[in-house]
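Chains: A, B, C and D, in written order; residue numbering restarts at 1 for each.
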Amino acid sequence: MAGSTFGKQFTITTWGESHGEAIGAVVDGCPAGLPLQEEDIQVYLDRRKPGSSPFSTPRKESDRVRILSGVFEGKTTGTPISLLIPNTSQRSADYSEIACYYRPGHADYTFDAKYGFRDYRGGGRSSGRETAGRVAGGAIAAKFLNELGIRVQAYTKSIGPVSIDPSRFDASAILSTPTAMPDREADSHAQEWLKACMQEKDSSGGVVECVISGLPAGVGEPVFLKLDACLAAALFSIGAVKAVEIGDGTGVSTAKGSENNDPFRIQDGRIVKASNHAGGILGGISDGADIVMRAHIKPTPSIFRPQQTVNVHGQEQTVSIRGRHDPVIVPRAVVVVECMAALTIADLLLANMGARMDGVRRFYGK
Amino acid sequence: MAGSTFGKQFTITTWGESHGEAIGAVVDGCPAGLPLQEEDIQVYLDRRKPGSSPFSTPRKESDRVRILSGVFEGKTTGTPISLLIPNTSQRSADYSEIACYYRPGHADYTFDAKYGFRDYRGGGRSSGRETAGRVAGGAIAAKFLNELGIRVQAYTKSIGPVSIDPSRFDASAILSTPTAMPDREADSHAQEWLKACMQEKDSSGGVVECVISGLPAGVGEPVFLKLDACLAAALFSIGAVKAVEIGDGTGVSTAKGSENNDPFRIQDGRIVKASNHAGGILGGISDGADIVMRAHIKPTPSIFRPQQTVNVHGQEQTVSIRGRHDPVIVPRAVVVVECMAALTIADLLLANMGARMDGVRRFYGK
Amino acid sequence: MAGSTFGKQFTITTWGESHGEAIGAVVDGCPAGLPLQEEDIQVYLDRRKPGSSPFSTPRKESDRVRILSGVFEGKTTGTPISLLIPNTSQRSADYSEIACYYRPGHADYTFDAKYGFRDYRGGGRSSGRETAGRVAGGAIAAKFLNELGIRVQAYTKSIGPVSIDPSRFDASAILSTPTAMPDREADSHAQEWLKACMQEKDSSGGVVECVISGLPAGVGEPVFLKLDACLAAALFSIGAVKAVEIGDGTGVSTAKGSENNDPFRIQDGRIVKASNHAGGILGGISDGADIVMRAHIKPTPSIFRPQQTVNVHGQEQTVSIRGRHDPVIVPRAVVVVECMAALTIADLLLANMGARMDGVRRFYGK
Amino acid sequence: MAGSTFGKQFTITTWGESHGEAIGAVVDGCPAGLPLQEEDIQVYLDRRKPGSSPFSTPRKESDRVRILSGVFEGKTTGTPISLLIPNTSQRSADYSEIACYYRPGHADYTFDAKYGFRDYRGGGRSSGRETAGRVAGGAIAAKFLNELGIRVQAYTKSIGPVSIDPSRFDASAILSTPTAMPDREADSHAQEWLKACMQEKDSSGGVVECVISGLPAGVGEPVFLKLDACLAAALFSIGAVKAVEIGDGTGVSTAKGSENNDPFRIQDGRIVKASNHAGGILGGISDGADIVMRAHIKPTPSIFRPQQTVNVHGQEQTVSIRGRHDPVIVPRAVVVVECMAALTIADLLLANMGARMDGVRRFYGK
């Protein structure tokens, strides 16, 4: 069944395989009149682009995006925005071998089980490369949100045992460190950890944290399109995410109510919360505080050690994966998390416009 | 915007408020010919019913379900199944006071922010009582899955600091202990913990674990309706859930690839995994192993201690919540988790039927 | 697959069979703050109610609606509105015979082909009685539209060979004539025609016309949720509708461009069209003129003459239908057309709120 | 709101404007394992291509389609199929003038009313050129249906006053006559009619008929995704369609029940209907007979006579449209109707697979 479209009002449909001719996305439902040019998107793609650090695959992809529709005279027209990113570095030869066996931790086996066969080149549709389309579309959502004073910012919170120290938080480091950590000291430790992993032909997991600020209270549609439910679906749709936390997250299970409740108070004439254990969401609706969430990302399944697996003929065998693979997924996943969050918020922000009669009346001048 | 429908093929639409005349659900898309009677549903509702333990609200609700449509001569007809559960114990007097202020940790404030006003009686639509409709509908999904050899089983994994010991796992205890723990010793410790919380006028969080067994490989629709994305949305749509884990969950962020990958092997002529760190999902598609997930549930926000908050007039005030409230949400959430999981699986199981030509051809005899 | 929900923002889900315990609907996505009481809905249901004229079935149904949720202190709360209409006159005995054969022109055969068996009592889900739920929900949509100055009005345009004369158009007659014709003279002729049909144990088709006035330009979502596409789906979802026309409808196929184009002009400082061949829709978007459409409705398939058919055992047989049946569907379908149109417009009106940045910015105060 | 996706299981999302860089579509949900190459699609696009007859615009477009994803080793993989058709003949100069005024019968005004501005080049998104994407996607749906023995065939039934004579029906003529009429004599008369229209600087409407054969009984999802409702939405989503008929269509409104009912009978051991007034649909579900429907298409609004209109500054003016325009839309719409019908059927055919327990059990081997 069709599963490649996300959202209801502000939607993205992604397409493309790792080693096809191109990869892309169609964004539909973006309001007309948003200033948009390819460069707005390119800066997001450049953050995801491989080959920019010792910890990302040396595959060279320029990842230049083209806008094929939906923009006229520098502004969105309200019609679908088609985004195309040519694949330029498809070294299929590297992958021919994996046609025959199922890589542990990858989707080779499940794609075969579901579809009967698979495009095995570079993981095909289940490759991390699919997220390039999401980033291209998410950049548009982020631009839309920025116009409304809403900012989505993700960063690496931890890699393996190395976590950032909030007291050293330095936003400028996110875009300049190889780990996308907002803490240069942690970044340095994490790099050492990753080098050790690589030496052991192994890989590492980590955590991406994402903060959405400037979101007005009221966003989210109970009871199934709650803000947290939609954000969780967005994050879990990213390959490698195995846990999602909102606010205090797993911490709530050992907390008491008196610790977990956020008291309300008045600040500058507005209702605010004195703390934010809830992560900005109450009853599935934004409460005006920052949305805070975390995605736990598994270690790259492609490791260079020999592994036990089975082949497509149903025989057990030992495999040694070759090719180009990052020792950690986290740093490049940061912008993907950000973009999926932006797409979710854009969608629910439009949905919320019809929540009450006074808003509808005002909109239509009645 | 309409947010009260879940699923695409096998759907549930819930309706009703805590203190309205009734609460209910419409299940649409259930295949015709499934044997179904009210008793099949009632056993699920009885697990969620209040008043059955010292740790659940003393509110008395018989929670008797009536099937109003979609079943004929003991079988589903393929048309919508309307489920009605009358509310019999609406002591609105208890709640009149909360009309005026925003309870910390509740959705009072966000509902007002979104909709302009709210049904304040017992939390209205944001009450845990809304989940009675989900359980009624989920019971049908579970029955459907059982017919196909698929079993969904949830239980309490921990309450506050007390966790079950897997080596003492006793499935029979789930339905007979007040905590829904599959470990009578842990249950006993958890009861003590809860009594202490109640004495302190406080409440406790906990963890629900859910296991789905018998699910064939191939279920889940990449890239946005992945099995894990849909399950996470289902669980996060339950009020009080603040984190969801699949398989090793948060553990993956500190794991190495060599630890996290599950080797494939052959067992009885079938491809299986030697371990299940992935929790039964690879690339968003079921891999034939048990689906394992956990929902972290926050402590009941209604505590009997004085709390700081603001009222609807924008003034700060201290409140002391009264009424009937569970000191822990977890035990009654177990069946809700189970039912949301069953609804998700039923939906994706039908979606999967069109995945490949040979299946479609066989179905239509071509 | 789930097919009983209509719309995306402002939705209706109907449930119920002709001879079940009750019939109903859930309206989800109605903005909060709309004044609503059962009486607002009842006046619509009374227009559909059987037994009010010599041309409608003598089945007696009080069709009293109850609002079970989503309304608090006389206003909608933004949460799902559950509507219940008890069935009070299920004389199943009349229908037991039809369990065994397939009535020509009915859905007996196709329901069996699709679902394997059917609720044969009174046509089950395919009965015209299902539309009671639509009318109940549509009444809410109509109320919503009225608040915005939008009015939906349907009436009988023709029955068999008898058409209304636009020069005698009398809106007051719609609710007071047995045929729902806005022309008392045509009504009188049509009554004679229907009496003749009944004498011949036959039935008659006819046309319902529907006019939507006060709709602002801009409503409709190209290219697949165009206003005309959504209205056509709404009308064709009503059993017995076999053709839908917008504006000049079938007349356009023999028209020339010079005749069919509507010139624009300025009137009172606003852009209007000098004619309305287009029926108020250009490019799938409302153009500010009245929306005009027609549904062609087939004659009641239940006729009292002997007919050739087959039975469930695959044998040919002659059948003579008994029971209570209208000799014409049209008059009672008028309010159903009106309600489906109102639901469609309400849905697209909300969808349109996110069409452009200036509107979104203004809504969110940015 | 996003309106450019059609279908739920087997979906198409179209994008692109008349004078953008390219036009295209993404087909998602097509079962894996369908043999597919660009040539399969090209033959459909060639039927829609301009410049192939004296009655179609002389704009030269090679309309070469490229498949960018979703196909591997000659077969669909179950992942989204991205289709790209470069625009090669964008003579924007022709259209610069229309930026300033609203062409009668076009969507210029409504796009401005909705979106605040528009891509005025060649009609932008509301251009007939948008249908190239639909045809590309519909060709895949048609291929899918062919594999299951289902055939969709459309043709011109009439142009202006000239109708085909069913007794002269010649399927081979559909692809070889400039009018796409299956009757060479009618084609000849229609050509004369069109030449006369062109001489008068005018245009003509007409009717497309579409027949779907080989469709099993049971397809269509009551009560809102009925087969006829979905087909009508599909056809009305095509610009210029102003009426849709199923089976006897508008004829039913003057028919009697005894004339309109189709008796069932047994033929070769199977249940069939002795006539097909219903057009193959009863209760919104296919009945095993041919689906027969007609779309009434308005005359090309671009005529070369002076017309009254208003400009974007709110002033009345006379305009004379220039550029390249067909004097009749019908012949090129034939393949578009066929493709939208194929997409609808493919979608509902997959949806139907979950209709009953025995089918689901058999599918999953339980």
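Everything that follows uses one rule, which is that contacts are C-beta pairs under 8 Å (C-beta built on N, C-alpha and C of every residue); 3 or more make two chains touch, one makes a residue touch a chain.
None of these values were measured; they are calculated from a predicted model.
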| item | value |
| --- | --- |
| Pair of chains joined by more contacts [C-beta pairs], B-D or C-D | C-D |
| Centroid comparison with subunit A (C-alpha atoms), farthest chain | C |
| Averaged-CA centre spacing for the pair subunit C and subunit B, given as whole angstrom | 37 |
| Approximate Å spacing (C-alpha centroids) for the pair subunit C, subunit D | 26 |
| Rounded Å distance, subunit B centre to subunit D centre (Cα mean) | 44 |
| Subunit D residues counted as touching two or more neighbouring chains | 1-5, 8-10, 14, 29, 32-33, 78-79, 114-116, 125, 216, 222, 350-351, 354-358 |
| Interfacial residue positions of subunit A with respect to subunit D in the complex | 1-5, 7-11, 13-17, 20-24, 26, 28-29, 32-33, 66, 68-70, 72-73, 75, 77-82, 84, 114-119, 121, 124-125, 350 |
| Footprint of subunit A on subunit C - complex, ascending | 8-10, 29, 31-34, 76, 78-79, 147-149, 216, 222, 349-351, 353-364, 366 |
| Residue ranges of subunit C touching subunit D (in the complex, touch as defined) | 1-6, 8-9, 14, 102, 104-107, 109-111, 113-116, 125-126, 130, 158, 160-161, 197, 200, 202-207, 216-226, 228-237, 239, 241-266, 269, 271, 274, 278-279, 282-288, 296-303, 305, 307-310, 314-316, 351-352, 354-358 |
